[in-house]
Structures are given as C-alpha cells and as structure tokens.
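Report on the following structure.
Note that the chains take the letters A, B, C and D in the order they are written out, and that residue 1 is the start of every chain.
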Amino acid sequence: MELNVLMYLVPAIVMFGCGVYGFLTRKNMIAIMISLELMLNAVDINFVVFNRYLFPGQMEGMMFTLFAIAIAAAETALALAIIINVFRAVRNVDISEISKLKF
Amino acid sequence: MTIFNNILIYFVIIPLLTLGGLALCTNAGRGIRAIRAVAVTGATALVALAAYLVYYFVTARAAGVQDAMLLRSDVMWYEPFNIKLALGVDGVSVVMIALSAIIVFAGVFASWKMNPLPKQFFLWFFLLSTGVFGFFISIDLFTMFMFYEVALIPMYLLIGVWGSGNKTYSAMKLTLMLMGGSALLMLGIIGIYFHSAPEGSPLTMNILEIAEANAIPHSWQMYLFPLTFVGFGVLGAMFPFHTWSPDGHASAPTAVSMLHAGVLMKLGGYGCFRIAICLMPFAANELAWIFLLLTGISVVYGAFSACVQTDLKYINAYSSVSHCGMVLFAILMFNTTAMTGAVLQMLSHGLMTALFFALIGMIYGRTHTRDIQKMGGLMQIMPYLGVGYVIAGMASLGLPGLSGFVAEMTIFVGSFMHEDTFRRVLTIAGTSSIVITAVYILRVVGKLLFGPVVDEHHRQLTDATWEEKLSTATLIVCVAAIGCFPNFFVDIISGSFEPVVKALNAAM
Amino acid sequence: MDYSQFLMMPQEIGLLTVFLLVFLYDTFMPERSQRALPAFTAIIFGLFTALTMCPCLAEGGQAFGGMFEANGATWAIKLILSVGTFLVLLMATKWSNSEFISVRRGEFYELLLLTLFGMFLMVSARHFLLFVIGLETASLPIAALAAFEKRRYESHEAAAKYLFTAIFSSAILLMGISLVYGIGGTLYFNELAMAVALDRSALLITALAFVIAGVGFKLSLVPFHLWTADVYQGAPTAVTAYLSVISKGAAAFSFLIILAQVFGAAYSDVWQWMLYALIILTITIGNLFAMRQRNLKRFLAFSSISQAGYIMLGVIAGNAVGMASLMFYVLVYVFSNLAAFGVIMAVERESGKTTIDDYNGLFRTNPWLAFTMMLAMFSLGGIPPFAGFFSKFFIFVGACQTGSVAIYVLVFIALLNTIISLYYYLLVVKAMFISQDDCVVPAFKSACGERLAMVLCVLGIVFIGLASCLYAGLNEASAAAFPAF
Amino acid sequence: MPFSYSIAVVALPLLMFLVLGLLDDRLGRRTAGVIGTVAMLVTTVLAYGVALTYFFGTGQGQIVDGIRQTVTVWNPAWLTFTEDLVVRMGIALDPIAAMMLVVITTVSLMVHLYSLGYMSNHEGEPEKGYQRYYAFLGLFTFSMLGLVVATNIFQVFIFFEMVGVSSYLLIGFYYTSPAAVHASKKAFIVTRLADLFFLLGIMILSFYTRTFDFESLVGTGGVAASGALGSAHGGTFMGISIMAWALTFIFIGGAGKSAMYPLHIWLPDAMEGPTPVSALIHAATMVVAGVYLVAKLFPLYVLEQGAMDVIAVVGAFTAFYAAAIACTQSDIKRALAFSTISQIAFMMTSLAVSSSDGALIEIHGGYGLGYMASMFHLFTHAMFKALLFLCAGAIIHAVGSNENSAMHGLHKHMPITSIAFLIGCLAIAGIPPFAGFWSKDEILVACYAKGLGWGLWMTMVAGLTAFYMFRLYLLIFFWSDHKQHGHHAPADAHWTMTVPLIILAAISVVAGFVPAHDMVTCDGKPLHTQLDWTVAGSSVLVACLGIGLAWRLYYKENDAPERMKAAASGLWTAAYHRFYMDELYQFITHKVIFQCVSKPIAWFDRKVIDGTMNLMGTVTQYCAAMVRPLQSGKVQAYVLTYLIGALVLAAALIACVLI
C-alpha cells in the first residue's frame, strides 16, 4: 500500500489536537508539558512530511525539524526548571494553583 | 537663522524664557518675589510685543501691504510630511494675540498671591500661554494642532492642583472632553492633509496653500468639515459639547478661569474659522445649517441656563456658552460683517469674561463662597470690586461704550443681512438673548452687590489690593477701548475675511 | 564557506562580543569586583551602542544565502533596541546588586543580552528558520528572567504562565509556518511571496492566522495578550521594563516585515482586515483593563497592550511611511515607557510600593520622580510637545496614507481610545500631584544609574519630537529598505 | 462750521460724569455738587445758545426757502458694518432736537440745583453717594443729549441703551433698599425687552433701506420722500408689509421707554429712585424718548397707516388706563407716575392721529398738526411735570413719606410749594392760560380731526386728568389738618430747592405762549393754527368739571370717597392694584420664564447633557468591569482564548475571502 501525504498529515493534526486538548484539560503541569511536546512534534511531522512528499528535492523542512526539536528540548528543560521552582513555592504542581495574579 | 528675524516667534520664545526663568526660582522664602518678578517681566514683554505687533500691522496695512498674511516665514520641520514651522498673521490673529497678551498680563496679577506652589503654578500658566500664542502665530495645520494641545493639557493640573470644589472631577471632565474634541480634530487634520493638493502635487500642511489649492474633494469635505468644526466647537463650548465649561470654570483658580474663558475658548472659534471654514468652503455652505442650529441653541440655551444658577462661576460659565455660541453662530453667517462681529465678540467676551472671573475670584477669596444666596450688599463693603463687577455685567449685557454692545450689534446686523430666511429666523431668536442676558446679569448684580448685607461677617472684608486693581483696571480699560473706538478694531479685522467670504460665495 | 558574510552582521557580532565580555567577567573576575559587573555591563554595552550608531553600518547586505539581511531599517531598529536595552541596564544596576539577586546577577545580564541577540536575528531574518530561532532565543530566556526573584511567589507564577503560553504560541506559530511551507515549498520570505501569491486557499489563510497569532503573542495583541498583565506584574520590574518595550519593538518590526514581504501585495487585503479587528480589540480591551488597575506594573501592562495596538497601525500601513512611523513610535515608546518603569523601579526598590494609591502625594516628597513620571504619562498619552504626540500623529498619518475609508474609521476608533487612555494616564498624574495621603512615599535619593537612565529618558521624551532629524533619518532608512521587499 | 460749539453741550456732561465718577470720594461732597451744577449751568447756557440760534438766527443753514433744515454739525463714522451701513456718532440739529436740548438742559439744571438741597441728607444721615449721584446725573444728561442730537437711528438706539442704564443706576441709587434694586432691575429689563424689538426694527429697516441715517431715511430725497416703501421693499409678512412690521417694532422700542401699555409697568416702580431723578428721567426727558423716536421717523410712519393705527390705539388706551389708575393711588409719586404715562400717551396718540389725508389739511391745517401738538405738549409737559415732581420731592423731604395719608393740610406749612403745585395742576388740567391748555387743546383738535370718537375719548381723559390731579393736590394740601409725625413741623425747603420750583412754575405759566407752530413742525414749514373754540371750550369745561368733582370730594375730610370706594370696591381695588399687570408680569417672569423655561433647561443641562457625558464614562467603566473575567488568572483559560481567537480569525477570514 502506497502511503500518501494525507496519511501522515491526519495523524499529525490529530496529534496536535490531542496536545491542545491535553493542555486545556490537564491539571498537572508535567502533563501539560507533555501535551505541549505532542503539539511540537506534530508540527515536526508536518515539516518532514511536506519536505518528503511535496518538495523532495531540498532539505529545508528537515533542517527546520532538527532545529524545532532542539528548541522543544530547550523549552522542556526550562519548563521543568520553572515547574520545580513553582513546586518549591506552592508544594504542588497543579496548574490551578498558579492563578493568584489576575484581573 | 531667518526665523529669528520674525517677531512672531518671540511670542513663543518669551513664554519659554519665562518658563526657564521660573524654573530657576524657588518657592521658599523670598523666592516668591523672584517668581513674581519673572512672571511680570514675561507678561509685560508679551504685552509690549503685542502692542508693537498691532502697530506694525496697522502701519503695514496703511502702507498698502495687501498680502493675506504678514510676517511670513517658513522653516521646514518634518520634511517627509511637509510640515513646516510656518508663521504668519492676519488681522484676526493680531487681535487675538493682543487679547491673549492682555489676559496673560492681567492673569499674572490676578494670581499674585497664588498659594501653594506659586512656581509650579506660573510654570503651567506660561506653558499654557506658550500654546496659545503658538496657535495664533502658526499657519501650519500640524504646528497649530500641536500648540492647541499644548494649551489644553496644563488645564488639568492647573485646575486639579490649584482649583477648588469638585476639582478632580471637573479637571478630568474638562480635559477628556477637550481631548475628545482634539481627537476629532486630529482625524480631520490628517484627512485634510491627504487631500491638500491636487493629484500629483506634493501634499502640504500650510493652510494658505491648502486654501488656495482648494483641492479637497467635496465628498471628503462633507466628512472633514464636521470633524474639524466639532473638534474646535468643543472648545468653543458649542451645544451639546459645552458641559465641561460650567464644572471646569467653577473649579478652576481665578487666573486659570480668566485665561481659559478669555483666551482658550477663543482657540475654538478661531480654529473653526481658520481651519474648518477657510479650508472647506463647500461643506461649510452645505452643512452650515446643522451648526447654525446648534450654535443658535447655545446662544439661547446658555442664557436661560444662567438665569437660575446660584454659583457665580456657573452663571458666568453658562453666559460664556451663550456668548461663545454667538461667536460660532456669527462665523457661520459667511459675510464680512457677521464674521467681523464674531471676532469682536471673541475679543469682547475674552476681556469681559476674564474680568468677571478675576472679580469672582477676588470676591471668593474674601467671602469664601460663590453662592449668591449667601452674599449681598457687597457694594457697601468692597466698592471697587462692586463697581468692577457692574461694569463687567454691563459689558456682558451689551451697554454701548463697552465692548459687548459693539460685538453683538455687528453680529446681529451682519447675520440679518444674510439672504437665507432660516438664518434670519435664527438671528431673531438669537437677539432675544440680549434680554435674557440682562435678566441674569441684573439678577446676580442685584443679589450680590446691592441690597442689605446678608452676612454680617462680610463687613470686616477689605476692598481690592493694588495688584487686583491693576489686573481689573487693565481689563476694564480694554473693554472700554473696544466699546468706544470699535472702528479701529473693525478695520484691522475685517480685511481678513474678504477672501474667505469670496471663496464661500464661490462654493455656494 | 565565505566567512566575509559575517561582516554583514556587525551589530550581532558586537552584541556577542559584549555578551562574551560580560560572561568572562562574570566567570573569572574575583568576587569583590563582581559588584562592578552591572556598571561594567552598562558601560561596555553603552560603548557598543555608541559605536553602532555610526551611520556607515546602515549599508548592510545579505548573509547565509539570503537568510539574513541587514539594511538601514534593521540597523535603525536594532539601534533603537540597543538604546532601550542600555537604559534598562542602567536602571537595573542598583537592583541587580541587591540582596538575593546579586548572587545571580551575571546570569541576569547574560540572559538579557542573549534575548537581545535573538531579537536582532528576528529583525534581520528573511527566512522562517532564522526567524523562529531568533524568536525563541528572544522569548525563552525571558521566562528565566521572569522567575528571577526567587523569594517572590509572583515571580514564579509569572514565569510559569509566560512559559506555558509562550510554548503554546510557538507551537501554533510553527504549525502556521509548516502549513505555509506545505503550500510554498520554501521558507525564504521572498520566494514564499511569489509562491503563495496566486493561492487563496483556506489553508493559507489558516496558516496566516496562525502566524499572526504566534507573533501576536509576542506583541500581546488581544486576544493573544492574556499572559501580559500577569507576567508584567510578577516579573522583576527590570525584566518587565525590558519585556514591555524591547521585545515588543522587535516583534512589531519583524511582524511588519513578514506581513509585507511574505503575504505582501496579494494578501494585503486579507491580513489588513485581520489587523483591523485585532487593532480595535487590542486598543479597546487594553484600555478597558488599564482603567481599573491599581497596580502600576499591571497598569502599564495593559497600557502597553493598547500601545501595541497603535504600533500595529504602522504595520497595517505596510509601506515605507508606516515602517518609519512604526520605528519612530517604538523609539518614543522606549523612552516614555522606560521613564515610567524607571520611576516604578526606584519607588519599588525604596519602599516596596507599586500601587497607584501609593503614589498619592509623591510630588511633595519626590518632585523629580513625579515630574519624570508625569512626562512619561503625557508622552504615552500623546500630549505635545512631548515625543508621544509626534509618534502618535505620524503613525496615524502613516496608516491613513493607504487612503481607504476603512482606515479612517479605524484611526477614528483609535483616536477615541486615546481619550480613555488619557483618562488613566491622568489618574497617575492625579495621584502624584493632586491627591493627598498620610503615608506618602518618603523622600529618597534614587540610585545613580536609575537617575542617569531617567534623565536620558526625560531628554528623549522632550527632544525626540522636536528634533525632526531623527524621524527624517528613520524615514530615509525605511524608504531605502522598502524597495527590497 | 456752524454750531460747532454744540459738541460742548454733549461733551460737558460726559466730562462731568468721568471726573466725578473717577474722583468719587476724593472730591468733597459739596464740591462735587457745585461742580456738577456749574457744569450743567454752562451746558444749559450753551444749549440755549444753540437752540435760540437755530430757531431765530439766520445764515447758518438752518432755514432754506422758509423750510427749517437739519443741520449736521459733526458726523464721524463710529462703527462700520458694511459700506452702506455705518454707525455714525454725530450731532444733527433739527427743530425737535433743538427743542429737546432746551427741555433737557433746563430740567436737568433745575434738578441739579434742587438736588444740592434734596440729596444733602438721607433719613437724617449725610447722603453717602453724593458724588456718585452727580456723576450719574451727568451720565444721564449726556446720554439724553446724545439721543436727541442723533444723526442716525442706530445712534438713537445706542443712546436708548445709555439712558436705560443711567436710569437703572439712578433708580437703584439707594442700592441698599431691596425695593429700589428690584425696581431698577425691572425698569431695565422691561425697557430692554422693548429695545430688543427696537433692534429688530432697525435691522429690518436698515436691511431694506440700506441706511441708518435719518438724512437718507426721512430727509429730502430720502427713502420716505421717494415714497417707495412698503411692498416695494421686501414684500409682506403675515399680510402686513415688512416696513409696517419694522416700524411697529421700532414703536415698541419707543413704547418701552415711554411706558405705553403694556410695557408701562416699570415706570411706577421707578419711583423708588430719588425724587429729583424721577422728575428728570421719569417725567420730563427719558420717558418721552419713545415719542421723540416716533417723531423722528414720522415721515416713514405716515407712509404706513397700519403702524400708525397701532400707535393710536395703544396711545389712546394707555391714556385712559393710566388716568384711571392715577385716580386711586395713594402714593403721590406713583400717582404722578401714572399721570406721566397718561400724558405721554396723549403725545403718542397725537402723533398717530396726524394724517396725510388731503381733506383734513384743508379743514384743520391738519397734516402735521398732531405732530406739532405732540412736540409742543412734550415741551410743556416736561416743564410742569418736572415742577410737580420737584414739589412732590419737597413734600416728601419735609414729611418723610410718600403716602398722602401722612400729609394732608400742608398748605399752611408749605405755601410756596403748595402754590407751585397748584400751578402745575392747573397746567396739566388744561386751564388757560397755563401751558398745558395750549398744547392739550391742539392735541384734542388733532384727535377730533381723526374722528369724533377719538376726540371725545381724549377729552374724557383730559377731564379725568383734571380730576385726579386735583384729588392729589387737595389730599396733600387740604383735606384735614396736618398731623405731625417728625421732630419738627414741615416747612418750605432750602432755597436751592424752592428756587427751581419757582422757576419751573413761572415757565409753566408762560410756556403756552411759545410759538410752537412756527418751530416744531414735521415738514419744517410754519403751521397756521387758530384756536378752535368748540374744542377749547369743551375741554376747559370738562376740566372744570373734573376739578369741581375733586373739590367736592377731597377739599374737606368727609366719607364720600370711602363710600364711593365701597360702592365700586371691585373696580377700585383693581385700579389700585394697577389692574394686576404687575402680578401678570410677575407670573410670566417667575412662573413661566424661570420655572417653566430656565429651570427645565438647567435641569436638562445637568441631567441630560451632562448626564450623557457622565454616562459615557459610566458605560466605559461598566464595560471595563464586564471584560474583567477574561483575565481570570488561569493559564488554560488564557490559552483557550488564544486558540479561539486564532481559529475565529481564520474562520472569519475564510468566510470573508472565499465566499
């Protein structure tokens, strides 16, 4: 069976959607972080697939993916550090805890 | 630089120098003397310069100089937008500048004992006058607008810090309403700018060039005229945008009320004429009826409202609504006589309202009330102020020999000369204000000055001090001068209107 | 590889040099001279800024196969950002030597300079990859900076909120870019412009919306703005100051470039309509929130949201005048907002107070601070003769140059909003000059760096508008840069 | 230039006003009075010089071809409206102006002199505003002189305002008394209302005629002479020609000053002012300004019969109305005030019944007879009414009250005053040979010429005049013995006060013999008149009847007046309360204007207009409160908003662009 571009794209979009859903519904900050990773990875798939199927002659999408992965890693690291900070402050990783600043 | 050869620029430089001088003074101890000295020097220099300007203008015109604007100089400022520091004066600006100088002079003396923070007070005061003078000497849309706003914003602090009563509310309301007006104005100016020249020629901000090119498409005029007219009309206390005026005046300190009613409100009328009407004659003709109606309402409405007020400043504020309404009303009549009358009315209203506010301030400073129910028989106690008040009142209700009469008559006769029945009916309605004016003026004079002394504590009060006498006498002399020798002023003013009237008639 | 192309990026190299010097100083200098680090940073950064003022750098050119472009306009905006950063550095000297901060002050400066570097890249990027790298470099360290005051709970909350929303928005942005890539097959701005010019598909419009949302996050356009106030309030004031002006300026500029260059002529009607909606929302909502704020930092956050709306008016013009006005606006905004933050920082450091009510009667005790704050408020409110008036006027003129009636309506709404904004700016002035209070902030002497920064800001506020040469320069630069699009 | 010194006549009183007004307290009380009086004496001499030269001199352009000309002495432009419409401030002499110069200066001089004594103390205290008083007198005299020598109608208007203000200031001279303040205010506002119409009239007139100048309006070759007025100019409005409207409006202006019904209400109240002021302003000079105005424009009025009819009806009604009220007043000054109104109405009517009808000219020498009679009556009335007022002043000064109940039987105490008053009464009643007889007789002739009804009506009013004047006289000087209230018995006053009485009494006796018909005619030609014995006889008869009735009722204390009062109590009360006109005005001003117009407008302003502005603020605040939940502080809500924003943006644009 020949795999066409949509067969990659649909899962990627679903993944992105899952990430968004996860972000919006999870209470745990770590889980939210994971959801964000899902979203970023969905984008990566997009790039790779577009490059591979639509514009096979060049490497731009691939390169972009590499950088995006690196950025995502940096983001995760930073996010974890901050989550630890928050945990130290409120002894919890519940996202609803950090809503003191409002209005 | 060439611009410094033009005496007009010194109308801005002198207040700025005064600002600098004031900045060096201190409030403490004997600093107050230095502050007064600097302020008086600045104000006197302005009066002297204004006198020279009038003299220069009159002799130039007598010598047959026919240019629309005298003392022109252009200095490029913002090249990309063709914004220049363009200076020039015609008869209208000249008398307005003279008026401003006189009121600044009187205002300095009226705020002689300003307390607290005299230095800051005078700083803002002179910043305000910088804006006023800058506005009158400029003929570039952008610089005019800039100076216009420079003149507005000091009001906030002047009222807020040195005012009385519900001052923060009034100051905020006044500032926001006026800034609302200037927001409309800014849009109008931008619109004018983009249509200032015919297709292909460079855009310009110079009002002379715009008027000459007359390139604003008619459809655009229909939008831009109301924007600019209402924009300036807010400051000219046009119904229904006048409500900043009673509260603002009631809360403002004496000199600020003087300057505001005396000069700042004139910016509105002047701007309506110089920008809205001069630049957009077509729309002016088309839309005049709306604004005639509004200003006509202002005239009568203000007068009736003044009849039942009990606060001296409210009475005067409403009376200003009425009188300033008459200015805009006359400007919309599009003939030389009525427009000349409008400028005379600006002069007259400026001087006599300043006089009124000065006197009210002085009375308030003694009695600590402005409620006419709580005062009475002050003529026995402070005859100088009482006589001054009567004179101001007489000027206001149009006694021949004082300025109000001359202005109102020129307006009425001029307005009635318009062929349009609608305008005539409005004129007749407007004339009724002279009776209502008499009613409220005499009411307040009767209650305040005449009759028995209401409050026995008032018997200990003193009459005017020398600086108060100087301040009011200056204004009284000017009011009488316009009233007695009107033709001198008419000659200066009326020449400026002929090209405008011609353009307006051509656009009809 | 042709290494000479690095010569095309003198400002970036200069900045990296500064960064390295600071890093070396921080790492290798003995503990006792560490207290001089802030001053050291400020001085060498000031030197760097002064050096890059040399107009010869305006020449520019391209590097990395066209991914990077320097021209007069990028030079100018980078210079503006540098000046702003310099002012922030000056203001932060005293704060960064304070207790609990001083142990990590080196990191503060290094991260700050790194974000600036990211912005430089972002501004000069002509390729989405470089743009994304720049954007992330500019935004991620901010989260760390926001969390800088470990003793304050708000600092953590701010950082967490910032980071989560930032990552989410970058995911959206990347999604948008990936879709653009899928349609155009390239990530070069100029090539994309040609590739997408004929395509009016739903996909591309979605992509455009996502890109706008992604960049709108940085600019804090409504409805992508919700993080702003919380982060501004929670972050250390120096960071807030930096965040409010510098990163906003850079984002606005690159936003203009992306919209004008990638979605250029063919799509201008689409994104202009998007921006109409966003601008109206941004200005209005920002103002409505700002009206009710009592905390000054939060207040300035909302004020900066509505200011972003005005900045967008320069973007919407999408032409040289718009760009010049935008840069001028940013320049003026840098001085005005930093003046306000300088006062807030000084007062907060001295007394720990940040609400408007705390400022009641400030004029009596600290006249100069009150005066500075007042000028800042007037300038932000667009009152002449202060610089804010000029920038506002020019940005309106720039917007109206497109000539459509819709834009006049938009400008009209924006102008009506200036009244509301004036209202709340005057509230601050009122507190300082008019209101009386029993517990006034006592008289104090502000730190040397703060004072210097504030003096510079005041000079800027007063003279930028009056000196027309600045605007003329910007105009020239952007006019020269624009045919390149 | 001939008559160039006439400028001094006008300028001197102004100078006096400025000097006395500016120096004020720095001048001694006595000095101020003397300066004022002496200056007035000089003015009077000059004015007499001007008038006598004008009437009897030759060679200065005053008579050409037997017709008296208008001599314009001085006429500089004062205020330029347009090239045509220029307000000039000038001095023009014509017969009535010259006559008025005499009247004004004479009465003014008498009042100045009289006031030296009268104003020296006020209720036992030395009068405080002595200098101010003389300054105001100077101002008034200046204004009145300026009015009569006006060269154009706008100048008249200007000085109308000026005399209005002087009158305001003088009525309110005792400014500590609320009644005086109220009266002055009322006087000013009512006349101001009339002036509004005057102004409208001027505006309309000048718009169509393109001039203000009397010379071009009514002079030879002017608008009136060319006869092309009325429908030719401006068409009609509500079926009446525009010119008739204009002239009626101008008449209303005059009616305000001359206290014609229904604008008369200010005059009785104006008696709150010092009595010499009442004599000068409210009896002799200012109140006839309206008559003078109509006379000035007489050639125009003649062309508009409609306007003339209005004047005639108003005049005739006012004459009776005021006379009827005068019969019931107990305040002697008010009685005299109503008498003044009635007499001025005589003059108005007389002007109005002048007709251009050719037939009448033949029979009675009538064209302009009414005009001449009116002016003549103006002259004589000024003299004897000033006399009466000054007498009343002397009485009030002596008794300290205005009410006749406080007087009675003063004849024995104040014989000079009594005789002077009697002469005044005889003059006004129209008993020959006193002044009033001659002028009133000619008025009646003119009225009979208009129609029998007019003549009978006016004759009846003349009888009424005799009745109420003698009622007044008898109640003051006879009726019963004087019951003393003050510290000392009333007596004739100081010489400064009695001398003017004697002089004026003498004038009242002989003024009737002035050859007015040669001097003050509307066309400048002498008018041939002879005594119409039927008219004269009947009027004298009626006057005697009136006097007899008054004698019967009021000479000795009796209860007849009380019984009469009781018999017609409704009528009497109504007349006593001046037919409730004041109450009506009070109702209109307070209830209608203040309560129903001003209050609602003020309310509207504060609540609606101001409320709208505040509402805008409130709505903004409300919106700000509304959007608050958006900033909930929850990251997920933020992100949701973000996402929705992005999606809506995309969806909306897809919808817009692709569909």
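The working rule: a contact is a pair of C-beta atoms (placed from the backbone, for glycine too) under 8 Å apart; a residue touches a chain by one contact, two chains touch by 3 or more.
These numbers come from a predicted model, not from an experiment.
Looking at chain A and chain D, the chains that touch each of them are C. Of the two interfaces, B-C and A-C, the higher number of touching C-beta pairs belongs to A-C.
Each chain gets a centre from the mean of its Cα atoms; for chain B and chain C, those two points are 42 Å apart.
Separating the centre of chain A from that of chain C, both taken as means of CA atoms, is a distance of 27 Å.
With centres taken as mean Cα positions, chain B sits 65 Å from chain A.
Note: centroid distance chain B to chain D, computed from Cα atoms, is 37 Å. Multi-chain contact residues of chain C, defined as those touching 2 or more other chains: 160-161, 164, 168, 229-230, 292.
Contact of a single residue of chain A with at least two other chains is seen at positions 23, 95, 98-103.
Residues of chain B in contact with two or more other chains: none.
All chain pairs that touch, listed by label, are A-C, A-D, B-C, B-D, C-D. Within the complex, the chain D residues that touch chain B are 77-82, 85, 87, 154, 158-159, 161-162, 165, 168, 172, 175-178, 180-182, 184-185, 188-189, 192-193, 195-196, 199-200, 203-204, 206-207, 589, 593-594, 597-599, 601-602, 605, 609-610, 612-613. Only residues 628, 631-636, 639-640, 643 of chain D touch chain A when the two sit together in their complex. By the touch rule above, chain C contacts chain B in their complex via residues 321, 324, 378, 383-385, 389, 393-394, 396-397, 400-401, 403, 408, 411-412, 415-416, 418-419, 422-423, 426, 429-430, 433-435, 468, 471-472, 475. Chain C makes touch with chain A in their complex at residues 128-129, 132-133, 136, 140, 143-144, 147, 150, 153-154, 156-161, 163-164, 167-168, 170-171, 174-175, 177-179, 181-182, 185-187, 229-230, 233-234, 292. Within the complex formed with chain C, the residues of chain D that make contact are 620-621, 623-625, 627-628, 630-631, 633, 635, 637-639, 641-647, 649-650, 652-654, 656-658.
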